[in-house]
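Input: one structure, supplied below.
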Amino acid sequence: MFFHTKELQYRAKPERPDPLFAKQLQEVLGGQFGEISVALQYLFQGWSVRGDGKYKDLLMDTGAEELAHIEMLATMIARLLDGAPVGDLEDAAKDPVLGAILGGMNPQHAIVSGLGAMPADSLGNRWHAGYIIASGNLLADFRANLNAESQGRLQVVRLYEATNDRGVKDMLSWLIARDTMHQNQWIAAIKELEAKENVVVPSTFPRQLEKREVSHVLFNFSEGDKSATGRWASGPSMDGEGTFQYVQNPQAYGGKPKLKPAPSYIHNTPPKDLRPNTM
Amino acid sequence: MFFHTKELQYRAKPERPDPLFAKQLQEVLGGQFGEISVALQYLFQGWSVRGDGKYKDLLMDTGAEELAHIEMLATMIARLLDGAPVGDLEDAAKDPVLGAILGGMNPQHAIVSGLGAMPADSLGNRWHAGYIIASGNLLADFRANLNAESQGRLQVVRLYEATNDRGVKDMLSWLIARDTMHQNQWIAAIKELEAKENVVVPSTFPRQLEKREVSHVLFNFSEGDKSATGRWASGPSMDGEGTFQYVQNPQAYGGKPKLKPAPSYIHNTPPKDLRPNTM
Amino acid sequence: MFFHTKELQYRAKPERPDPLFAKQLQEVLGGQFGEISVALQYLFQGWSVRGDGKYKDLLMDTGAEELAHIEMLATMIARLLDGAPVGDLEDAAKDPVLGAILGGMNPQHAIVSGLGAMPADSLGNRWHAGYIIASGNLLADFRANLNAESQGRLQVVRLYEATNDRGVKDMLSWLIARDTMHQNQWIAAIKELEAKENVVVPSTFPRQLEKREVSHVLFNFSEGDKSATGRWASGPSMDGEGTFQYVQNPQAYGGKPKLKPAPSYIHNTPPKDLRPNTM
Amino acid sequence: MFFHTKELQYRAKPERPDPLFAKQLQEVLGGQFGEISVALQYLFQGWSVRGDGKYKDLLMDTGAEELAHIEMLATMIARLLDGAPVGDLEDAAKDPVLGAILGGMNPQHAIVSGLGAMPADSLGNRWHAGYIIASGNLLADFRANLNAESQGRLQVVRLYEATNDRGVKDMLSWLIARDTMHQNQWIAAIKELEAKENVVVPSTFPRQLEKREVSHVLFNFSEGDKSATGRWASGPSMDGEGTFQYVQNPQAYGGKPKLKPAPSYIHNTPPKDLRPNTM
Amino acid sequence: MFFHTKELQYRAKPERPDPLFAKQLQEVLGGQFGEISVALQYLFQGWSVRGDGKYKDLLMDTGAEELAHIEMLATMIARLLDGAPVGDLEDAAKDPVLGAILGGMNPQHAIVSGLGAMPADSLGNRWHAGYIIASGNLLADFRANLNAESQGRLQVVRLYEATNDRGVKDMLSWLIARDTMHQNQWIAAIKELEAKENVVVPSTFPRQLEKREVSHVLFNFSEGDKSATGRWASGPSMDGEGTFQYVQNPQAYGGKPKLKPAPSYIHNTPPKDLRPNTM
Amino acid sequence: MFFHTKELQYRAKPERPDPLFAKQLQEVLGGQFGEISVALQYLFQGWSVRGDGKYKDLLMDTGAEELAHIEMLATMIARLLDGAPVGDLEDAAKDPVLGAILGGMNPQHAIVSGLGAMPADSLGNRWHAGYIIASGNLLADFRANLNAESQGRLQVVRLYEATNDRGVKDMLSWLIARDTMHQNQWIAAIKELEAKENVVVPSTFPRQLEKREVSHVLFNFSEGDKSATGRWASGPSMDGEGTFQYVQNPQAYGGKPKLKPAPSYIHNTPPKDLRPNTM
């Protein structure tokens, strides 16, 4: 169950409206690694933990905080849209600043949302749950979380560089710091689980059932052998289960496949029309 | 530039057709973490490397290999669909085995693809490039890759458990082993970059510009304090830049926001209808 | 800012696992009118209210409650998936009950989410924010809300009819009652705003600027005139601004359009190839 | 069956080309509440009416009219694109008006559609049938229709404000008037059905089966009690079945859920790694 | 403008309900090559013809007919869903026929559409306008149309094979015949345009501006030279502009690309971390 | 299996950066008819050929080449993005050229991909596999391929007209020439299959089972009879199986449908509320 308080976790007040930056800022609200993604990702992971304890609690703590970040961004975007103009674009083009604003705005911020933030990215593409990852295997999922916080912090930093509004920068510096913490916390949790299990997910599948002869082999499928010089091409493997090998000229282990004809009721190209002599 | 050879990297021959398993196996061909995702993710990351060297080569090696995995799965799925029946489902239902096959198949395998594999997941949802991650920051992206290989191997393992066809299991044991290698290689590459940079992505953003007082703090937004017992709640932070703290009762740092009315040409609810006395 | 408590708003415990019903129940979690839709719809509407007061508070109250409903459904679905089998479907088909379970389950519940609920509908289509409506005009949006609660309650009722698990029915009877309240509350809010403004949204556009001669006219574009017998075809209009009229044989007010050729650099069909004599 | 006449329902002729407005106008052709949405929504509702009579006729009348509106907008957009320039954007930027046009156009209007209208919104997102609502319950669906016409008229009005082309305004004043009628007609039909049934959809579910103690209760899940002052918080409920209540401090009725471990063949995090002492 | 008549173009009455076939039949209503696709594709092409005459008329004739086909399929699907059961699936599984029906139905046919047809395909994926093709170049577009009618007829034929309901077969035999005509008509129109222009689209681009030395060359990028035996590998080219050539060992004409580093404000991997000696 | 070489098939080097053109050029990389579409379309068709021989080889040759085109475009786009600015848009607007660049860029090129190409179109919409066509019937699919190369060449030509960068034009002239070849080759293959089978797909469905009386009839569903003057309206049909006919006034062959009420557990509008006297 969730309780909402009206105060923001951190202030979200720009120095002045800026509808163009509002459009860009949508990326970290409703993009692939925006706050909606992490909020729902952590909550769905938390609800699916089959057991109890500190991991579930950590997921719920962080998921609930990300809801507060959605709120901060929604507030900031609405303020950046304050008083955004509409009007004849061709006329406006005579005033370069106004023209740039009208031409560069997300038109749905005026037409659809009435100057409100949208659950969408910087292109206006609506958020969708295909971005979310929750597998029931926490080591896998914490890696997804670490990636999400890495991509997310990178994007917020890029946006920080793209504005000189001190109010916006102030809020973004909060989000950047929180992403620092969240990267730290997922790294800590990952290390703990890797220590308990092994670095290869899932750890519970018996290794003898996999084709072990290729479990630590790098195949050189792209001309040039610079990749042979990396840590991944020689020495003990990271999982402690073997030795890295580099294969210069990968061979095909499977033959050339030939598929059987489809039954006639499928009405594919008739087999006679594929016969060698016709080709 | 790419050259194709007709031989498969590894054999892809089931003991017998199984249209129901064909449907499930689509997940690791065209799902979020299927082979199309990793192939295109690695290739796009490789094409975007702004420089040269071993990381780019590694990405191209692995991307090209994943194309071969798409091919193996496409071949396997076509064979699992060999001679798949169509027919009146209600009639078929009288024969439970036939009924289960007809009712449980992906209908598009018959109607749309003519018994061929599809670029889709186990539900038939078409693959889309929203699954792909390529940011230009390799530490971030290698974390995405490690996650993809973790989720991918987990899914292949689950499918391995779900069949008793020895031909299918044989091929899956190949893919599981390759995912073992790919997890190992991304871990190796990540460790190397973390050693050069720092664990927090992006490493190039000056730390003094973030709101440092909350860079290592866990806020307890979910009732209960089990999360206080984790490594992430005390001790030195993973990035070596501070000390983890646990905040039992998080405070709001931002006030209660109130937005300005929209201009009249937006035709939102008129401000007078929102006035306190009317509410 | 949001705080989470570990207790559920209402119990979510089925009598026994039922992976097939788990799949169906996803509709009201992650479908077009599922709980994710209403939660985020109300929250985004609330965050966009440009002013303050009771409407904003009502939206935040209800949005926060819907988050709790997502949680209840996620919990219920996980329990319905308890111990869900995987296995060879063709073998299973020999046991009709097991075959029906394996063939009818959402395969991603096993392969992707590891027996957790997903942010998806009963077909497994991922939720997306194209479902959400938030325009800044509260009368418009409350109508969207009333519709969402009407469709939502209808779907929950249909699911109630489709199970005989007393635990599931118990939880659904809670959700049905809450949808009763939510329909009631949006009707109350709509009536209030209609009284202040007018029934036609937006009320602030000057009526003399619209083509008033067709503001209250029903055009008979479908053969047969049963629609002439409705309240909408005669008598005073609902907005009190005119009289309903029924037009038996609608005329065209615009001529037959003919478009100019495109510039040559667009490379459309050359105009000469469209000339009358060539046609 | 449908017959087409070449004349437009109303004229669709701008004073002059304006590729930037063409892009914006796409919203009401192919956006969530554009003419494609209402046309197909009404037709699908009509085709699904299980019975006959005035409601079905009304739906088919209005659905057929909306097809004519798609045609008017497609014609207008093509004309707004007349002779739209292509060319080097950086060069063009030296001429601010031309630069604004080239930079602000939907690039697909030139590259993809050859200066034709597209089945897409103002961002270029293609229309999809996830926007459509048709449930078989007409009271629910007429509420969806009333919402669609409310959102749609709001958007057309916002576009009317954004142009000073008299030809465009002329056509939009037609669409605004028709949306006035359509709001009126759905209100009339809703009132009639509410009088026959009840205001709560679906009316046919026995009230005693829902958890009646919370059927008219507002839970205060968001700090602050301004929502307690609304019509929805006290007095008789709108459905005449109870009395509104306001609950200041909502309690949890369900306990703290704990899920069972998944079977080992799912390869989730092993239960031992979730045990309290490890956390 | 469109007028609707209540009669169907052809009868749409199954011998008996069959909810499983209803689900499959959705493919040709709302799939990639279903009737919604062709109806809207032809109408959008017609509305975009920049000129007048027989091609535009043909597009509007056929587009309007396809609307009638949507209607026939919507009617047929609703009837196939007549009285479709809902109920406890596990119970139903004890009755194999009932179990197969409940397990194999599209669950949204009961929960969402109330036994109505949906604008969706056989998997339940909603139709979207990304399927539509309309470029302004009629030769290109008529090829799209010929493809659509080819894929569409193929799918209807596969469905014809999958049922033994004489009513369904009767209606499908109508649709198959109409697709025969539509393939014939687009072939006729294509031949006419090819005669006027040339077979290569667009015909208006000056051939000397393309890299003519590779305009008629087949590069052997896949091991094996069976493709060298086809008509496309030798002899005069189909456009009469050259001679087909087969290149056994394709060479790279471009060098090995190396991209410049990104500016520091993008925060990609720092160039020093990509330097050869670090790799 | 695929092998990659580091050299490009053809050079991809612009004269100078141009982030605005980079955005447009994405269309032919990741749009509906971009190189990702044709690459995966040909490969999936090839992998599904149920037999062997020249058609499969041709598909694999061409599919592999298209992978090289993705690579060329990805390289070109990254170079067009070289050093792309970020910065305060309102400030930039004072410099019209810089303002146009910042306002017109795809914001995700900076925020998301770090100046790399994206698997997306000119609007930034991510590529999805719903664009791909592979049916198992090669005549149908080669028509899809001919259409794809026609639309694709048309789009590349339009982009060629839109730039004056000689490096870009040089690369596009290569792609245009290759599309010339690919149109030629699919025409050759189509002609061969049409000669073996018939022009109507699928050729294997017995003609006597279709409703032959309407197999060659054009119905005049759109007012005006210009379409009566086309080749498709009289003379022998293209398939040699009949004579084209033109029907001036199409009749309805099916009656007016009336659907049965839904079962009560579906909770549609109650039949009594649809009764004539209530309407």
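Just so it is clear, A, B, C, D, E and F label the chains in written order, and each chain counts residues from 1 on its own.
Definition applied: a contact is a pair of C-beta atoms (placed from the backbone, for glycine too) under 8 Å apart; a residue touches a chain by one contact, two chains touch by 3 or more.
The UniProt protein names, listed by chain, are A, B, C, D, E, F = Manganese catalase.
All values reported here derive from a predicted model rather than from experimental measurement.
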Identify the chains adjacent to both chain A and chain F in the sense defined at the top.
B, C, D, E
Between D-E and A-E, which chain pair is linked by the larger number of C-beta contacts?
D-E
Just the number, please: Cα centre separation of chain D and chain F in whole Å.
28
Rounded to the nearest whole Å, what is the centre-to-centre distance of chain C and chain F, using the mean of the C-alpha atoms as each centre?
31
Among all residues of chain A, which ones touch two or more of the remaining chains?
1-9, 32, 48, 50, 52-55, 60-61, 63-64, 68, 75, 78, 86, 96, 99-100, 103-104, 110, 112, 114-115, 123, 125-126, 128, 130, 135-137, 139, 154, 157-158, 161-162, 202, 205, 221-222, 224, 226, 229-230, 250, 252, 259-260, 262, 265-268, 279
What pattern do the touching chains form: line, ring, star, complete or other?
complete
Parts of chain B lying in touch with chain D, wherever the complex brings them together:
154, 157-158, 161-162, 226, 229-230, 265-267, 279
The answer for chain B against chain A in the complex is residues 5-13, 32, 52-58, 60-65, 68, 72, 75, 78-79, 82-84, 86, 110, 114-115, 128, 130-131, 133, 135, 137, 139-140, 143-144, 146-147, 150-151, 153-154, 157, 160, 173-174, 176-178, 180-181, 183-185, 187-189, 191-192, 199-202, 205, 209-222, 224-227, 229-232, 237-239, 241, 244, 250, 252-257, 259-260, 262-263, 265-268
Can you list the residues on chain A that touch chain F in the complex?
18, 20-21, 23-24, 27, 31-32, 96-97, 99-101, 103-104, 121-123, 125, 154-155, 158-159, 161-165, 221-224, 250, 252, 258-262, 264, 266-271, 273-276, 278-279
So in the complex, the part of chain D that touches chain E is made up of which residues?
1-9, 30, 36, 40, 43-44, 47-48, 50, 60-61, 63-64, 67-68, 70-71, 74-75, 78, 112-120, 126-130, 132, 134-137
Report the residues of chain C in contact with chain B in the complex, numbered from low to high.
1-6, 48-55, 86-94, 96, 99-100, 102-104, 106-108, 110-112, 114, 123-126, 135-139, 193, 196-197, 202-205
